[in-house]
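In the two complexes that follow, subunit A is the common piece, with subunit B as its partner first and subunit C second.
Up next is the complex of A and B:
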């Protein structure tokens, strides 16, 4: 939920306001990105093969590059690349001033700008989840639940499950196959069905491709 | 501090001690020696007294008995269970099943043991390649293969504890037979056979010593609670029969010990349903030996906890269960003993859904039903529901911004506006109390409040108009179509009432003995409060009777200004229309009018007093 929208329910959809600069993009030809997705920022946004970006998903690269892996699903009203510091950005102009300083070990990347958010393959970002920028990494096959919030610099392992409204603190490192509950408890997932889930994700993407009209040309 | 929204709580008359003795006396006909401390006239209700705990309810929580003409709160109704049902599958469970199968759903409804989310049965078969999605025969092919319970919230799966099912239905029955790890639970027959085998190979039980040898420890792993119980039972049964045969005539001294046959048979009759208890046991004496062997039901406590400690090291605190999860676990007899074992989250089993009930409520005095739900589980409607809101006038509180100086001068006053969050101490504040009449007869309301609120910090309260009448709750259209009513209201216009004391063109003044506004079925009156100062140094050093004054610091919510108010509602009804059959004759004599009254204490919470 962006703060530019009021907390009241609207009977009609609020207009999509493209605020801030248009970011440079690197799209694979096979992605599905809705016309009304919102891409802002000054750094490159990379989306790899077969990923799906729902309408009204917001990708903000003013805090660093955004890289989305293969077969990811970014649901609506999710915010990738939120300004660090807990709160969601109020204005895009303010986010640039809140830019996280580049960390050690990423110097070689400075040519392309600081890394903002990196999503591995098969990541699902559910509705209204937000990921703060600042070298935040989400591993392969991880599901970020509805309204989950990931702090800046957090590193989430592979095949994790974040239940709805989970908050991951900034800089937190979460091992692979962890389930995080919204009350803070954690558990290790021992099902070993990662492959199955990846297949399921691929099938879901098949369906979504038919349902979401894609318009990558708009963001060129 | 959180701002306080004004509230009105009603004290159900059932919790008033004076009322209680009165009703009891009227019920039994025998006068109860009156409690001198609770004289009805003298006693003012103190909402903060410990006695009034759990007796205050918002109007919405209360029911009303039409025959007793009394408010009924959740404490003074008799409940009876109408139906049992599973909240997950909404199937009704007959009460006969309940006795045999327990209070949990025996179909396929389960909760996740970790997060209590609902579990769904999913096929464990690997899903086909996504490339084959388009193939039409894929959808037709049913999932076979093993099934598992899956939590869609946290992705827990019963495969994690090694439980998989062959069929997708009747999960409850399948789960009861499966132990964690997938091994099947022993049936009674198997257990008997196994026991027989052991007895034959071991040479008559009891022979081997229960030494701390390695193989006893291994045996313990295999023994689950059920097996141990049967072992113990058969051992003691054997002991009892032995002692009867070899009974010697000793005194009853040994009868009291743990090892005496009498006490043993008594204990066994408790645990095994009384079948073993017989009169003959009285004659048995002497002592018996205890179980010495796993086959006889002895389990040596396993003091080696290194495995548990190691697991704690590897899994950390997140791997253990919390109390809530543990309490949610249904008892399962098929698992080994908990001796020396710790509970880990990885051992929890799926929880069958607890059944819920639909209940009907009766008046405890006249046994009339005052709330009865629809028998069908899918519907949430009620057949009978006599809520107090349909009988008792509702009271709403609204802060009134009355500037006193201007008010006294009679100059125009601002309309009702939001007051600041807190009340200023020692500064008069005004509140509008809006009484709304829900019944179809006009009612007369009398209010009574103590001049000073009870408690340490006594605020002054003045109800400006303690007696007034409210018109009946007639049809809205009736009123609107009535010419007369429209004319009367012409000057005031719209929502504003027709009776405003001292009002000329929107000027309003709070005046003693006059109501503030009047509407179709509502009346608003003004209450003036002077909140007390919350400073401890303003408290008197001694009470009126010379007792010590509590000088402790401010307690929780002691800064909330609460006014106890006694409401008495009087109205007249057509006695004929009330109950036809019984009182027809008597009502003729009374000219078809009957006086009704309802009186109760309620508490108005007006706001917090600022602590400046």
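Up next is the complex of A and C:
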């Protein structure tokens, strides 16, 4: 006896509570963003061409601007721009500058406010991964696994792979092509499949844009 | 104030499914529930990620072919877990494949399951990640915090743990009684019954 719910049952998809202010946005016309994605904060959220934001992904720009590159996939329940200091370890070398109050001189240079999170092109943020705000950078083609957590100010190189539940300390700098396992071991990916991975990502986005009903107008 | 009785936390269907009102089920028309399945609040099931490439052998529009997530009877999806169909490149095109789940499957809280198939009487602990296209056979116990790598095949009666997950033992003889979820099913819902003394 199989039961299928009709899509008319509204109670199945509970309404999302919009907490906090609506952020100013800068969307490319070709992005796919689900209706139930959550965008909050006061700084600008920029999403470049052909990126996909799944339902229930949360983008919080209260800690700084969020920039998402081309052909990124932000999966459900991920949190981009989390408040720093979520119990993550810190790298001593950069901690002092990070925990100090924001440098006002730098902030005035960029009229749009402090940089929160910057994702390069072809980045995949898997289910329930979280990235803390505070000039955090994720390089091109990097995959953040399920439930990975990136500390504030971390700089992750290009084409890295973070396996599920990996924790990257605040202020950590990770070179290109690194694979990080959740137990902390690292290795360098020498397979040279970066281009193939990017192609695969483009194919995946083609499919996703047909499946996810996009509603960028809602966030205007 | 309305005089109607307060709405329960769960929607109970004719086939005995108990679905929390606060569960997020996306693409409900592609989710099949076998009956007597409990879906707790904050569970997310991605039914919208359906197969986009028709399978080559069978006829193109077989009934029920676009099921994304199929769940058997007496399954228990704990608070905050997430089921999503696995996806991969297949013959040059990206497609999602259906996620099939047998009977008496327990999924712990905050777990993410992207398996191709999960057998019957499987216990998945809390904060477990089951990678894409993993195949989990019957009577398997996955301990808390395990990370099952993609494409892993877990044989029946295994106990699995670790990051990455490895088979660390097997279910002892007679231990399969513990996988029954009928009693657990009764303890949730709009008028839950206390757990039976064991």
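Quick notes on this one:
Methods note: the second predicted complex is superposed on the first by the 181 of 220 C-alpha atoms of A that agree within 3 Å, B and C clash if a C-alpha of one lies under 4 Å from a C-alpha of the other, contacts with A are read in each partner's own complex, and residues count from 1 in each chain.
We take it that contacts are C-beta pairs under 8 Å (C-beta built on N, C-alpha and C of every residue); 3 or more make two chains touch, one makes a residue touch a chain.
Please read these numbers as outputs of a predicted model, since none were measured by experiment.
By the touch criterion stated above, A:181 is placed in contact with subunit B and with subunit C alike. When the two complexes are overlaid on their common chain A, residue A:191 makes contact with subunit B while staying clear of subunit C. Applying the stated contact rule after C-alpha superposition, one finds that A:161 touches subunit B and leaves subunit C untouched.
Shared-chain residue A:211: touches subunit C; no touch with subunit B.
Once the two complexes are laid over each other on the shared chain, residue contacts for A:203 go to subunit B and to subunit C alike. With both complexes placed on chain A, subunit A has more residues touched by C than by the other of subunit B and subunit C. After overlaying the two complexes on the shared chain, residue contacts for A:169 are found with neither subunit B nor subunit C. Touching of subunit A by both subunit B and subunit C, each in its own complex, is seen for residues 163-164, 181, 200, 203, 206.
Residue ranges of subunit C in contact with subunit A, taken from their complex: 11, 13-15, 17, 19, 21-26, 28-35, 44, 46, 48-50, 52, 64, 82, 84, 87, 89, 92-96, 110, 112, 127, 129, 131, 145, 147, 163-164. On subunit B, the positions that touch subunit A within their shared complex are 114-115, 126-127, 129-130, 133, 153-157, 159-160, 315, 318-319, 322, 345-346. For subunit A in complex with subunit B, the touching residues are 143, 161, 163-164, 179, 181, 185-191, 193, 196, 199-200, 202-203, 206. Of all residues in subunit A, those touching subunit C in their complex are 1-7, 9, 11-14, 36, 55-56, 76-77, 127-128, 145-147, 163-165, 181-183, 200, 203-204, 206-207, 210-212.
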